[in-house]
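The following pair of complexes shares a single chain, subunit A, combined with subunit B in the former and subunit C in the latter.
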Partner chain A sequence: MNNKAINYKIPIDQREIKRPLFIMLSIFALLSFSVYYLEISFIEMMMGLPNFVMFFFQKFFPPNAENLQHYIPAVIDTLGYAVISTYISTIIAFILGILISENTNKFKTLQVVTRGFVSILRNIPFIIWGALLVYIFGIGGIVGVFALILVTVGFLSKSYAESIDEISGDKLEALRANGSSYLQILFHGVIPEFIPAWINWTLFAFEINVRASVVLGLVGAGGIGVLIDTNINLFKYGEAITIIAVVVIIILLTELVTNSIRKRFV
Partner chain B sequence: MNPLLSIKNLVKVYGKDTRALNGISLDFYPGEFIVVIGPSGAGKSTFIRCINRLVDPSEGEIVFDGQHLEKLTGRKLRKNRAGIGMIFQHYNLVGRTNVIKNVLHGQLSNLPLYKSLLGLYRHEDKQEAVELLKKVGLQDQIYKRANELSGGQMQRVGICRAILQRPKLLLADEPIASLDPLSANIVMQQLHTISREKQLTCIVNLHQVDYAKKYATRIIGIKQGAVVFDGVPSQLTEAMIREIYEGKESQMALKNESPHLPGALTDNERSHAMPMAAGQNDE
Partner chain C sequence: MEHIRVTSKGSVGKSILTVLTLGTVFFAAVKLIDLDMQKFYERLENAPEVLSRMMTIDLSIVPDTFSNIVTSLALAFLSLVVAVFLAMLLSFLAASNIAPHRLTAIFIKSIFAVIRSVPSLVWGLMVIASLGFGNTSGFVAILISAVGYLTKTFTGSIEETGGEIIEAMKSTGASWFQIIFHGLIPLCITSFIAWITVCFESNLSESIGLGIIGVGGIGLLLTQAINTYNYAQTTTIVIMICLLMFVMELLMTRIKKNIKYGNS
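Let's turn to the complex of A and B:
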């Protein structure tokens, strides 16, 4: 029988070829339907491309850097929103994260309720929070900060909770066994182990918040995004492109800084 | 003499029908060094964890130092747990915290939260922590992070932490199962020496029958959640061992082949073994 087996082909995949084929066909069908339904014409898109490029270079160039120093307050505003909202969010999210994680909260109902609340915060895009809050509070910086906090709390709570879950119960068990109180286990067992993840997630949230606070300006929630919006509306494309360049530089610098902090502490 | 720990008809059922403990009744007296042996799945860990209620027993009584532990909750349970030290197979140190702080964790239950947060441990506790670390040969690692130590070193920190609780009873669940033979030897040796010095009662789960025979004043054999042997090491005959591990002989055979048997040392060598071993910090 062993001799015979040599002549058999040995498949290295158990699944049949039909499945991947089926999946590929379905994806293609979905694409075709979307294109058909939205009446998107690829030809039109291709035809429009030169126009778009022409428009871009004619209107946006040369960049107009005359008012560069006037953007500085807006830049500081934008960064300020990101700093404040990340700062406040990390505190709130830490408490919520502790309530969500099984390692630190044994009350199932409280866990589920908190998780649900956080999931609502997270699943409403920040731009919608921004638009909603502008509608309620009117245009202004506080709206931007508020919107960022809501979304960041949603994001960080879940991430923190997952990281706290990953701290092995073993380590906390030793403290449980020697009679330490809940808060002592939290402060002497959970938090020291959680710090690298905490730094990582918080810096990540800050990066996202810098970008987001630019975008929030576009719905009137303050910061440098407002300038982009106004200048485009006033057909001052040269200034708009300069501001966009400033934004790109801010974002790149932020990443540079957060990465170097990460390297040093984690 | 009154028993320090008295266990009556202890039963633990996991889920619906996993009977890990099948009615265990035992008395433990002050100063005993008890080693619990038995095949994998016999219920050794469950037994030792029921004592300090890391596992809640389904039935039975646990009387420790005159206190019924099986009904306690909250603050009272914590106070009683503080009187029972525990050493774990996986050391269970807080890895990013330094060695001396890990040892001082043994005193957390005697300190209000704000003091422990500010690091305001009592001077005599800090002093004893340093002395204990010296005793196990870790005087040069005091400010290292725990996760920078070797397994053997971590377990020695674990011992110091448990001893700093100044417990009456010391529990150890397979303290040397994750260590190489040499480190295992050192750790077992030190655990024994320190607990004799402090006149502690010890209950140690072990897989290695030879270690049990060497250190125990009393050996308890558990099989399928019941006590099948309870006596002094000399009563533990080959036939008895075979019966305890019946059906799992492979586990027993392995246990008898550990290469660095402490028994292989002469008495003279043995008296030197501990300080020598303690000096080896970088195994």
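Let's turn to the complex of A and C:
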């Protein structure tokens, strides 16, 4: 046809340009607003990380591993809190999950109420729960367990409900057509399908619980976090870094164990 | 009439064994840490009183709460943007199918496995010990954990989706940068954005939590209210935090949906 057409360059990027530009600009505007609002200079912000790395190595090293055997009870406490709260919250979350899912609960109001309750539990960060409960009950290990249970119930109920929702309605309908009672549908239809997801989420919750139970010590809820806090407040940085190393080892080991269980069962 | 087995043979024994093991673990844990239930029950009697005192709200603190919420949001957003850039860079060096060298991939991955294992509030404590109180400390602390999280998830999506396109582009002679900019980033951007929204939520809850150990923001306000036994203010702030997180959750879900169904 005409020769001009051959010379047309085909642009690689064929999307419209306006929208990404708009998004970019708004992100940039938000960014400059944040820097301005927080009153931190750009240089200070950018130097923050290198400065931190420098200070970090000066202050926290060398690690001081003298009192290593004194940490063992705290480690056991931390893991114990995580185990207990995972157990209890699994049971509560399972019931709540059944109440939230459309597949298993036909009462709309009950569904909405439970969903709202769970969403409140989930939306308040766990450290805030910890602080609040310490405020109400005073410091101590049981408060830590309580806070962990609240947060884990919030997280697990939603995940469980989503997994139950994913079970196909056809199968449950077939059971219903057979004349099965509600409990029969639950035990022979829902639970067998749900078990792999259940194991997966529960292990995940355990991982989160171990981390959270370390952190909850910082607000006075017992466990190894208390040790980190006191050592840093007493400027014993060498000891603090040893405890943090212990924490890292605990968490890596937990991940290793949960992953191997996951591989075997799911 | 013949009885038809519903469950397979031996499964009953197996499940009894599982339940027994799980039960032993639970009771062993309870035994090991011996929770002081007696004390807890004693305190439980005080709880209704405290709770009933908390059943008021103090609206005078709301403007203050808003300005502190903006601080928390700004901290979360700022560290998110910087973390996204850093994590993009690092994840292309760490994904095993595009990494320039196998060793860099292993090196970065193992370093970040350690960084991720330290909870963000513990990072916060260490940063505050090094840099002092203030927003810069908050920024650095959130940045570290956000980079850790994003690098891991970005690397995961690159490794999951990148395989064929990398080979195709390599066979046309594309350079490393060309593969990344014209092959991988357009391909992975949707999953990246999904991860970024998740990361923003966790950044926000971290920046609230960091207030408890002394960085600015809504968490600090809450700690002050708690320490001065100001029940009404405590309740108000907790409600505000809950609302904030709820709005954010809705917003992030909407963004994720928009991206997923090609609205952008």
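Annotations
FYI, the second predicted complex is superposed on the first by the 241 of 266 C-alpha atoms of A that agree within 3 Å, B and C clash if a C-alpha of one lies under 4 Å from a C-alpha of the other, contacts with A are read in each partner's own complex, and residues count from 1 in each chain.
Rule of thumb we're sticking to: contacts are C-beta pairs under 8 Å (C-beta built on N, C-alpha and C of every residue); 3 or more make two chains touch, one makes a residue touch a chain.
Values in this document were obtained by computation on a predicted structure and should not be read as measured data.
In the superposition on chain A, contact of A:F61 is made with neither subunit B nor subunit C. In the superposition on chain A, no contact is made by A:F107 with either subunit B or subunit C. In the superposed model, A:F187 lies in contact with subunit B only, and not with subunit C.
Of the two partner chains placed around the shared chain by superposition, subunit B is the only one that A:A177 touches, whereas subunit C remains out of contact. Look at A:I195: by the touch rule set out above, it reaches subunit B but stays clear of subunit C. Taking subunit A as the reference, the larger set of touched residues comes from C, when subunit B and subunit C are compared.
In the three-chain superposition model, subunit A touches both subunit B and subunit C at residues 188. The part of subunit B that touches subunit A in the complex is made up of residues 52, 54, 78-82, 84-86, 88, 90, 92-97, 101, 105-106, 108-109, 113, 116-117, 158, 161-162, 165. Here subunit C touches subunit A in the complex through residues 6, 22, 25-26, 29-30, 32-33, 35-37, 39-40, 43-44, 46-47, 50-51, 70-71, 73-75, 77-78, 81, 113-114, 117-119, 121-122, 125-127, 129-131, 134-137, 139-140, 143, 182, 205-206, 208-209, 212-213, 219, 222-223, 226, 234, 238, 241-242, 245-246, 249, 264, going by the rule given at the top.
Residue ranges of subunit A in contact with subunit C, taken from their complex: 12, 19, 27, 30-31, 33-35, 37-40, 44-45, 48-49, 51-52, 55-56, 59-60, 76-77, 79-81, 83-84, 87, 119-120, 123-128, 131-132, 135-138, 140-142, 145, 188, 211-212, 214-215, 218-219, 225, 228-229, 232, 237, 240, 244, 247-248, 251-252.
The touching residues of subunit A, when paired with subunit B in their complex, are 170-171, 173-181, 183-184, 187-189, 192-193, 195-196.
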